[in-house]
Every structure is written in structure tokens, then in C-alpha cells.
Amino acid sequence: MAEPLLRVRDLAIEFDTQYGTVRAVDGVSFDIYPEETVGLVGESGCGKTVTGLSLLGLIPKPPGRIAAGSIEFGGRDLATASEEELRTIRGSEISMIFQEPMTALNPVFTIGNQMADVLARHKGLTDSQARTEAIEMLGRVGIPSPARRVDEYPHQLSGGQRQRVMIAMALSCNPKLLIADEPTTALDVTTQAQVLEQINKLQEEFRMAVILITHDLGVVAETCQRALVMYCGKVAEQAPIEELFAQPRHPYTAGLLSSIPRIREDRPEHLPIIAGRVPDLLHLPAGCRFAARCERALDRCQTEQPELGEKTASAACFNPVPV
Amino acid sequence: MRLLLLLLVSLLAACGNEQGEDSDTAGLRVYHHSSDGAPTSLDPVQAATLYANLIVVNAYDTLYSYKYLERPYALKPNLAAAMPEVSGDGLTYTIKLKRGVHFIDDPAFDGGKGREVTTADVVYSILRHFDPETRPQGAWLWQGRVAGLEEWKAAGPDYDRLPDGLEIVDDYTLRIHLLQPYPQLLYTLAMGYSGVVPREAVEAYGREFGLRPVGSGPFRVVRYDTEKLIFEPNLNWRWEPVDLAAEGFDPATQGFTGIEVLDGQRPPFVDRFEISFIKESAARWNSFTKGNEIQYAGVPVELVDRVLASKDPVSLAPEYEALYQVRSDIEAGFVYSAFNMDMEFGTDPDPQQNERNRALRCAMIKGFDWERRNDSFYVNLGKVFPGVIPPVVPEYDPDASVDSVTRDVAGARQLLAANGWTPETLPTMVYGTVGSVRSRQFYEQFRAWMMEIGFPREKIVLREFATFGDLNKRWRESQLPLISAGWGLDYPDAENTLQLFYGPNKAPGSNSSNYNNPEYDALFEQAAVMLPSPERTKIYRRMNQMVIDDCVAITGLSRTRISVWHREVLMYPDTSIVGGFFFPFVALQDEKGLRLAPEPTPEVN
Amino acid sequence: MELFSYSLRKLATGIPLIIGVTLVSFLLMVYFGPDKTFELVGKNPTQEQIDEIRAQLGYDQPMVVRYLDYLREIVTLDFGNSESTGERINALLARTIPVSIAVALPGFILGNLLGVGLGLLAAFYRGRWPDKMIMGSAAIGMSISFLIVIIAFQIILSSSYGLNLFPVRGWSVDSFGDYVSYVTVPTLATVFVALGYNTRFYRSVIVEETTRDHVRTARAFGVPSLQLYCKLILKNCLIPIITRIMFSIPFVVISGSLLIESYFGIPGIGKVTYDAIITGDQPILKAVVALTAIMLVVVQLLTDIMYRWVDPRVSLK
Amino acid sequence: MNAAAEELDPVGLSDAAPESLWTKGLYKFRRDRVGMWSFAVVLLYVGIALGVWLGFWATGWADLAGGKWEPVSGAHWFGTNIIGQDIFDRAIYSTKTSFEVGLVVAVLATALGAILGAIAGFFSGSWLDELILWLMGVLDSIPFLLFVAAIAYTLQSIPEISKYSMHIAMIVTFWITAGRLVRGEVIKLKEMEYVDAAHALGVPEYTIIFRHILPNTAHILLVQATITFVAAIKSEVILSFLGLGVKDSMSWGLMISESSQEVLAGFFNNFLAASVLLFGLVMAFNLFSDALQDALDPRTVAD
């Protein structure tokens, strides 16, 4: 196998809150290889978005900080990199797109202006070059009559178009890695499918790796080669997509899968309910974080924390679901 | 942003140019005077305040003026050629005017040239006080005294028709016919109210006439707003060489000023006479001590002990001695608090109640501590005197008993107890005043004293009015139990203060206390037609004693003003009666020596 | 054309406001307001003279007539003459408003510029010590009474107990040097007082904006902080900033800084207004109130137009 | 919860504990050290004011206790003023005045704002709303000091009320902010289900407004009341200086205006005593108000 593009090791992210310090991400490790699509799956608050943001140094500091671990990318450790270094990477080598296309673009600048700014900064293009390039990118992401649209303001576009603009912006500098944080959640179902398709298509064209952060296992199944399931700040399980869906090892993953609704249109806001509550990050149990809700929990699970194996398919569980 | 900056720049430019007339002062002799208040109007018919008078008597000519240095105050002819001829019965005054006196040049005149002042102008100027359109304030000086004025007014003001009492004998002769002898008449002709105005200018400027004085006085106004007034000498005025002897110079008391050098010299001695209006005494002092700002100020009460080495005679502390001159002068006026005799504690038809009420008033008078008031606010420089004849007038009795101004708390309490006044039965005293720090302090001090003689605190109530007009309204409508006021003398004759208690002057007149004593009124009427004489003085003093005995007012104190001025200024300033009349004599002396004759004197046209 | 018709409509909707303001202030300040009569009656008036003055002042007219008079004055923009000095009100405004602007403008501009600057700085260092320092100082600045600041600055800068650098009071401006010397202390005092409020306001506006998604997007695309704050965020904050600045303009221009001008004895519209209160000079009060209301309506219109200029989402409906 | 909020609350704490706004607020407030300190200072002032009110101290504020401008001494801790009154007593007594002004204005202005704001919000779009909005616009457009002066005039002809003309003027102007805030909040709240439910049950409109909706704006009102309190105290100083303020009592504003002449003559006691005490109270109250806002405003979670 090739060298990983991104190597995250023992990443821990803490936040200071009114109630004390919480570890939103605790000891997460994973690798991303070139040109692959990896899903980062979990419930809201499980730490997946924070993990994604940390890769670009976008954790709001304060109150957040990277407390431990390393993020290796292109021979650098992004966890300790300076703001200047990160800035040259953001948008050029690693790009990120967000959940809310409606608000993610700056409302008082034209989309052309915003795209040209990125191109000018990272590729050193002149204003007119950048504009031409922006129009071309808009065309490539499927915006009709891009030469006209380029001078419009975000509020003049639909939600799907705005997400396409975001994607165009994200890909304009040929990044090696695209982090897509719930890129389709806010869109209606048809648009959602189109946008996902677009991402898949462009990934091939641009030969980049994609981290797809989502709570929607269906999306993962359709687009990803691999997936990491996060629970309560830790990776519960990682596996290639077929394996994960066919033979989930971690009881949490199994629970998630079993509660996928049959009718897709009936898609709920949050993941289907597993009995019990997600523990409060301020008052975490000593052992496995899922133990309290786990039907398969052992005595050991109450006191010891299971580790994720090194293998490409592994689950952090003392009593995994048998194959 | 750029727009704002542009605006700023243009504004700055505007500020720079706006008062261009100020800027060209290089090489000019400029005297910087100051006053603690600004006049609101320079129209003589509205010259009710000291501030206005200062200016008005310099912008306009009055028939008579006060001698610069003589004390007690004495009149001299000004626009008049001489003192008047008075008929034997005292009812007819014949006044000759100087010839060749001109108004200053002004567009209001034909051809813009100031025309000669004539008797008709004098008459016109007095008649304006009887024309409601002009909003006059001085009618009371002549009403009921000069013949025919009421009739003239009643028939509708028509300046082409003259009242019987004001007769134009010729262009330079005026004859005044009185209804009864009026010994104070000449004084009224030295007041700003009688400043002589040209009809053309009044008609040309209408309501704005008060802003654009057009007179024949020694100065012309070149700038006037709420902050500053600038005078330039009217070079066409009859500047006569200074005759110190005639002005009543007293080397013993006035020699320190160094004004002897001016004797025989011809004014004006300054090219420009600026008056800054600065209300706050501390700010005024600060400006004064800067050196290059105002050259004349009063010493703030707060600073008197630091600035003065001694108070009587007044002298400056060494650090100031080298730089400044100082003089103290007692005001032509006094402060007092009168009881409103129409209130429940005033005159009562029931003799017993009347006596009880008198006891209450007398007790409050006894509770009042003039000495401390003098110490707190007038640094012990004020002159406390019994009754209502202040020290500045010749009728003042220096030997009068001071019992009525001596504090006696025990006596007051006893008096109250003997007459059955208890904290419960004592009336509530509303102390009305214009809202200001000082008047509040007066009130608080007063309240504390009254508490000491037995008043509960909540029975001495403050009512502040935001404007003098609002307070005055309550006085004139007899709504306030206590009238705390100051009175500025219009002329140096006790008649001017005694009329404050004359029955027919009751509210809305000047008798705010509504004192109504037939005996007093009879005496007043008797004295009113008398020329100054020992008999008249005796009557005055009897009236004074009646005010004291009836406990009509807590009275009184004449304030002393400490004036300081830079040593390079040669003058003997006066803050009240002579007021503005000393302006033409002010001279400057600097490293270039004394400025005597003005630059080229234009020919008199 | 669209702008023009919009302006007309907008100004028309301002009429109820102007009528309201003038009616309320007419009732309070004119009809029940200070009575000038007794300022003008002289020392020893008779009832007849008092009545004459009242008639001169028009107090004997019925309320409706007087209010209609007022409206007519507003429509013709002719407020008559001052009851104290007789000066034409328009001349008086023309004389005093430039002075007020000259006094207030430097402080106004500096206070807002510095406020935005410090707000940006504090927002940039949010939660860290520069932010805490700035916000702490702002809290202190906000807690000191304007009056105390004026007095303290006067002592420190202008009195012989302090540095004695500037004139204690007054306004005798013949040159730019004079202007600077007279305007410095009032400006410093204004800035000192305004800065706390401005900084807090601008910081909260900017901080609120920094939490927006588009800021995260910008950061994710490598926008440098300076550009992020000074261009992207600031432009998004312009609406609240413009609102705050524009709506204080009428009060700065027309009512002047009453306190500053009366304390420093500056012959601006603020001092004149204060004196008008003290002496019951109703024509001045009427003019000041009416002009403030008219300016507010105009400013509202200008603000709307500026909104459209800074924010493409705003349309003139 | 949108993305921004999630970023600020990455661990979903605000969902974690279904505590009420008030217990959460209290919890947060107690952890806010600046807030707690400022609250302690405010309480100290309250104690001083209560003591004055109960006649424990500063009873001699109106007496002529000493000579003119006595310096600081054991008998007169801050010296005496021009007529010999004890400056310490007067400064302490003024604390009560400040609280009187602050409380009266804050409570009544907020209450007025709440009532009118709630009515306007509930009937938003109706003529009633238009009328109230118009009134707000009108009162906002009259320069504050002019307005207070005007009210002072109008009321002075009624001596019983003239004492409170300043209070009334402030209430009449200060209610507007509270009114606008409440109106906005009520417009939001009236769409809530429980309001629909109340409607459906036939609860009268005014009961809905004042029983069901208004209590849910209490946190806004509390914060707004503290802000108004500070504004009232500060305005009192300026109004008293201009002679439009406190009438029959003693206040820091009056002391400062008394001192405005004295300081240039080098007598600072009045100025210092009043301004230091005033500053202490306003500063403490400002910080207290901030802390309260942080604790009670659901939007400012981690700021």
C-alpha cells in the first residue's frame, strides 16, 4: 500500500467550558491514503466535526486546543504548525466544505470575488486570470451560465448552487485532500444526490482524497471506500465499507446499522435511537464509553478502556460482535 | 470616511475665516476685559441687567453719566451740555444737548453716514419704553412721573405725536414736565434704559436691533455673541482730555492705580476693548492668571484666602502683588430674604395672631446667621447691615443697631415658645430659588439654621426653578412664602430700595413681600418728592426701622467684589453704578510704554 | 428614479414621526413650557405690562393656533426670532451649528475610528489578555461619569494645578492653531467617554460576526487574519456600524453636545439650546427639536441607501 | 442548532442537562468571579443605602457640623464643604439617593417597557403595535436632555410631582429599549406551541400575554433593568449638574456640581468623595450586569 497522505495519531482536543475542561476528541488515530474516500461517521457531538476542523487548525482557540497527538501531512505536523504554515495549506493542499451552504459564503462579496481571492492567494494569479479560472471552475461544478453567475452574490443562488460554488472554490487549487463536513445535510434529497455525485466525479478528476464527515450511514455507503465510526470522542470502529456494513464488529456500529430506517425519505434528523443516553463528556465512565448502553458489556468494560487495533479493520471492543 | 475628512477640512477652513475681524490684532492695543455674564440684548429698552448696562452705556450716549472716580457717586453731563435747569417747583427740567454729536456710520442711515443726534432722538428713546412692541423694561422709571406718558401709550404708540411731558424746544433743547417733583430723574437719565437710539436703525433692524447697536457712544460694537463682545473706539466721539480733578480723583485711595499719568491726556488709550463673558468664577480666574488672556477678573470666593494678603485694606499675596492690581468695592445693592406678608404667617387682621406671626418672623430673623453667611460665601468681605438702606447710599446709617442682623438662637427659640409655635404648628416654608449650586447651598445653610431654632427638616422646603422667569412669575403672583433675592440699585438713592416695601408696589410690582403699612406708605410718598436733605434721610431711616420692627425681611448684606487686573492696565474699575462709564478711561502700559493718543484721528465730520 | 421614488416614499413615512415629535415637544416645551413673560417684565411691572408682554409673545393665543403656527414654521423653515436677543433663528443656527460640528466632529470621528480599531483588536484576541485589557478599560471608561471626565480633564490639562496646556474654556478661533487649542480638551473628553461604549459595541458586533460560518470558510481557505478582520468581517459589520454612526449624527449636529458646550462655554448650538432652556427661549427650542426630527428622517433615508450600498441583500422596497 | 452554535458548543452541553434557564444562570453566575465580586460590591452599596434609609448613619448630612472647608480629619473623614457640612455623611447619604433613583427608574421603566412591548409584540402588525412603535420613535427622536428639561418644566407647576420630574422623564425615555427587546421576544414567543394551546383553550388574550408570555422574557427584563439602573444613576449626575435633577435631597451629582467650581480653586474633597463612590457603584453594577447577561442569555454560551 502507498504512503498515507495524512497520518493522525493519538489526537486529543480539549475545550474549556463554563463547567470545566472537556475532551471532545480523545486519542483518535487514523490514516488517509491518496485518492480514497473515507467516511467519518457518528452522532452529533461525537467529535467528528471537531476532528475535521482540527486537521486544518480551525479549532476555535480559545476555548479549544489540541492537547496531544500529531497530524502528519506532507512531512509536517499540522498539530503544531504555525498559523502561517497552516494558512498556506488551507484551501490549497487541504480544502474543506461545510454543512451550511446558505451561510458559509460571505454575503457581501460576489462569488467571483471570493473565488478569485483564493486563487490569487494560493496560485498567485492576477485578477483577470483568477476570474477566468473561477468561471471555468464554476462550469466544472455544474453551474449554468457561469460567466454571468460569477458576479452574483451568494443570496442570489439556491442552496445547491451555493454548495457547488463552495466545492468549486475548494477544488480550485487542486487540493490533495478535501474535508467535506456534512456537505449535503442541509439540502433537499434530490439536490443532495446531485451534489454527492458531483463530489465523486470531481474526486476522480482531481485525484484527491476525501474525508466525508456525516451522520448518515447511507451517504457513507454510497460514496466511501472506508469508514471510521466515532463515539463520544473516540474511534469505535474502522473498516472498509463492505466489511463494516456486512459485519459490524463494534456493538455501537451494529446498533447504528440496525436502526437505519427502511424508507430513505423518512430520514430522521438524528441517528436512530439506541437505548440509553450518550454520557456527559464532563463525567465520562472509567471504562468503555459505550458500556452503559451496550448489551454485550463485560465487567472489564466498566473499568478498562478498549483500544482500537492497528489493522485496517478493527473495533475498540473487548467483546466484539462475533463474525 | 473620505467624505467626513473633506467635511472636516472645509469646516476648519470655515472656522478660520469666520471671525476674520478678530485676526488682525497685531500691533493693536487690546484690552481684554471680562464680565461674569453676557447681556442678552443690547437694546437700551431692555438694558435691565448690569451686564447689559456695561455695554449699552458705551455703545450709546446717555444724557448724564457718573464721574469716573468720585465717591459717593456723582453725576456729570454726558450727551447733555450741562446740568439741567430746574424750575423752582421742581417740575420742569430743561436740558441742553451737545452739538455735533453723531451716530456711528451705519447702513440704516441715508447714505450710510451717521447723522447728528438731536432732542427728537432723546424723546424717541424714552417713548420706546411705552411701546409694547419693543418689549421695554424701564417704563416704571418715568411712568406716573413724566406728564402725558400714560395717555401717549393709551392712544396707541405714535412717535410722531409727543406726550405733554417731553417737549422738544429745539434740536438741542429738551424740556421735561413732571407730574410731581422727581428728585431721582437725573439718575434715570444716566441709566442704560435712557440710551439714545436712532429711529432709522430701530426700524431697519426690527427685532435684531438688540444685536446691532447703532449709537453715538464712545465705542462701536464689532462683534457680539454669547461669549465675547468686541468694542472699537468710536473715533468720532467727543474724546476730551482726562481731567482727573473733575472726575473726582482721590490720590489717597486711588493713587495706587497709577492713573495720574493719564491726566491731561486724550483718550482713547486702546484700539480695541474686548469683553469675555465667563460665568464661572474659577474659569475666569484661570483665564486671568494665564497672562495672555483676560486682564480683568474677580477673585473667586474659593481663592480669596490664597490670593489676598489682607482683606482690609485689601492687598494681594506677594506672588500676585507683582503682577496684579486689586481693589475691593462694595456693591450698589444687597441681598435679603423677605417674607411674603400675604401668607398665613404675614399680616393678620386678628391682632393676636398678627403678633404671633410677627414673633415667628422675628425668630427666623434671629435664627439667621449673617456672619456665617458672610464667612461662607463672601469671605467675610460682605457688609452686613440692618434693614434695607445699604452702605453704598448716602442715607446709610453706620450707627444703627445691629440687633436685627445678630444671631440669637436662644432668643429665637424663646420667642417661638412664648408665642406657642411648636414643631407641629410651625408653617412649612417653601424656599423658592433659581436652580444653581450656590442657591442650593444658601438653602441648605438656611435650613440648617432654621432646624437649630426648632423647625423640623421637612418644613423648610426647596423649590427650584429652572429659569429666573419662572421664579419671578411666582414672586409676581405672590406664590412663594420666602423671597430670597438680591437687589441691584438703579441709582445711589435709598428710595430705590425703600420702594421695595411700598404698598402700591405690591405684587406684581417690585414689592414682592407685599408689605402694606399705611404709615410706611405715607412716609414714602412724603419723601419721594423731597430733594436729598437731612430731613429726607431721617424719614428714610424711620421707614427702615419700620421694616426691621415688623420683621418683614431677613436683611441684609451688601457684597464686596474683589476686582483684580493686570498691572499694565491703568484703570479704576467699578462693578456696579459707574459700571461701564469707566471704559473710555482704560489705558494700557506695556514695554513699549503708555499708549496715549490714538493713531491718526480722523476728522470730525 | 427608483431611488428617487423610494426617497419620496420614505420621507413621506417620516411625516408621522415629525408630527409626533413636534406635537409632544410643542406640548411640553411650548404650551406647558417655560414662561418667558417674567424674564421680560422688568423690575417693577404692572399687570397691564405683564399682559402686554404675554400678547407680544403670543401666549394669549389658543393652543391649536400656536401649534399650527409651529407647523407652518417647520414647513417654511422659518422659526422667527429669538425671544431673548431678537436674533433670527436661522441666522443663529447658521452661526452656531458649524461651531458645534467643529467641536464635536474630531471627537466623533476619533471615538468611532478608535472604537472600531479597538473592537477589532479585542475581537481578534478574544479571550486573551489584549481583549481583557481593552474590555476592562472599556468597562472603566463606561463607568466614569461624563461630568467627572470633563472636570478631571479640565483640571489635568487646562488648570494651573495640572499641565496648564490649553485654554480653560471659551472659543476664540481665528486660526487652525486656535482651533486645536480649544478643541483638544473637549475632544479628549468626548473620546474618553464614547470610547468605552463604542469599543464594546463594535467588539460585540465583530465577535458576533466572527462566529458566522463564512468566517470559518474564509479561514479554511487560508485568508490571512488581517484581511479576514479588516476586510471580510468589517464589511459584514458595516450595517450596525453605519446605523450607530448615522443615527447619532442628528444629535451631534443639532443638539450639539449640550454638556461639553455649556461646560466649556463654546457658542455652539448645544450651549444656545441650554441657554434657551434656562431663559425659556421657545423659538430656539422649537427649531432645535423640529430640525432634529427632520434630520432623523433624512438620516433614516440616507442610512437605508447606505445599507444597499454595503449589503447586496438589502433592496429598497 | 446551526453549525456555528455547534462549533461553540461542540459537546452539546446545552442539551445535556435539561436545567431551567435560571438554575443554569445561577450556576454560571456563581462561577463568574468578576461577576461575584461585583455583586459583592453592589451588595455593600445596598447595605450602605439601607443603613441610610433606616437611619443608622449619615443622619447629619444636612447639619452644619463644622467650619468652612475643613480638611480631612477624624471628625470629618472627607472634610467639610463650604457651609460646613460633613462631606462623608453627604457622600454616604447620596448612596441612598442613587439607589432610590436607580431602582425607581429601573423598575418602572422596565415594567412599562415590558407591558407596552408585550402588547405591541403580541398584536404585531395591528394599529396598536403601530401606535406603540410610533410612540417609541417619537420619544427617541427628542434630544434626551431637552426632553427631561421639558418634563421638568411641565411638572414643576404641580409641586407634589415636581420632585419626581427627573424620575418621570427618565422612565418615559428609558422604557423604550426594554419595550423594543420585549416586543421582539414576544413576537418569537407567540408562535410557540403553548401559546397556541392557550388560545385553543380559550384563555383571554391579556392573560396569555401577561401570564404565559411575559414571564418568559423575565431574563431579558432583569438584565435590562440592571442596565437601566446604571443609566439612571449616571443621568442623575448630569441632570443634577444641569439643575434638572434631585430636588429635596442630596446626591453625588449635586456634590459634583458643587465641586465643579471648587476644583479649579484646589478644593477636591467634594469631587473625589462623590466621584469615587459613584464610580465604584457604576463600575460594580456594570460588571454585575455583564455577568448577569452572560449567565442568563442563552446565546452567549462560551463567550
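Read from first to last, the chains carry the letters A, B, C and D; within each, the first residue is number 1.
Going forward, a residue touches a chain if its C-beta (ideal position, glycine included) is under 8 Å from a C-beta of that chain, and two chains touch if they have at least 3 such contacts.
Quick caveat, the model's predicted, so the values are computed rather than measured.
For chain C, the chain with the farthest CA centroid is A. Summarising the inter-chain contacts, the pair of chains with the most C-beta pairs in contact is B-C.
The distance from the centre of chain A to the centre of chain C, with each centre set as the mean of the Cα atoms, comes to 51 Å. Distance between chain C and chain D, defined via averaged C-alpha coordinates, is recorded as 23 Å. Computed centre separation for the pair chain A/chain B is 88 angstrom, with centres defined by C-alpha atoms.
With each centre defined as the average position of its C-alpha atoms, the distance from chain B to chain C rounds to 38 Å.
The multi-chain contact residues of chain C, meaning those touching 2 or more other chains, are 34, 159, 168, 212-213, 216, 277. Each of residues 280, 283, 286, 466, 470 in chain B touches at least two other chains.
Within chain A, contacts with two or more other chains are made by residues 63, 98, 100, 103.
The touching residues of chain A, counted against chain C in their complex, run 56, 58, 62-63, 83, 86-92, 95-96, 98, 100, 103-109, 117-118, 121-122, 153, 155, 166, 169-170. Residues 34-47, 49-50, 52-53, 55-56, 81, 84-88, 95, 98-99, 101-102, 105-106, 109, 158-160, 164, 167-176, 179, 265-267, 271-272, 275, 277-280 of chain C are the ones that touch chain B when the two sit in their complex. Interface residues of chain B, counted against chain C in their complex, comprise 4, 7-8, 11-12, 14-16, 18-20, 22-23, 40-41, 43, 46, 48, 132-133, 135-140, 206-211, 225-228, 276, 278-280, 283, 286-287, 289-290, 293, 466-473, 476, 490, 499, 505, 508-510. Across the interface of their complex, chain B is touched by residues 62-64, 68, 81-85, 149, 152-153, 156, 159, 162, 243-244, 247-248, 254, 257-258, 260-267 of chain D. The touching residues of chain D, when paired with chain C in their complex, are 2-4, 7-8, 134-135, 137-139, 141-143, 145-147, 149-151, 153-154, 157, 234, 237-238, 241-242, 253, 256-257, 259-260, 263-264, 266, 271, 275, 278-279, 282-283, 286-287, 290, 303.
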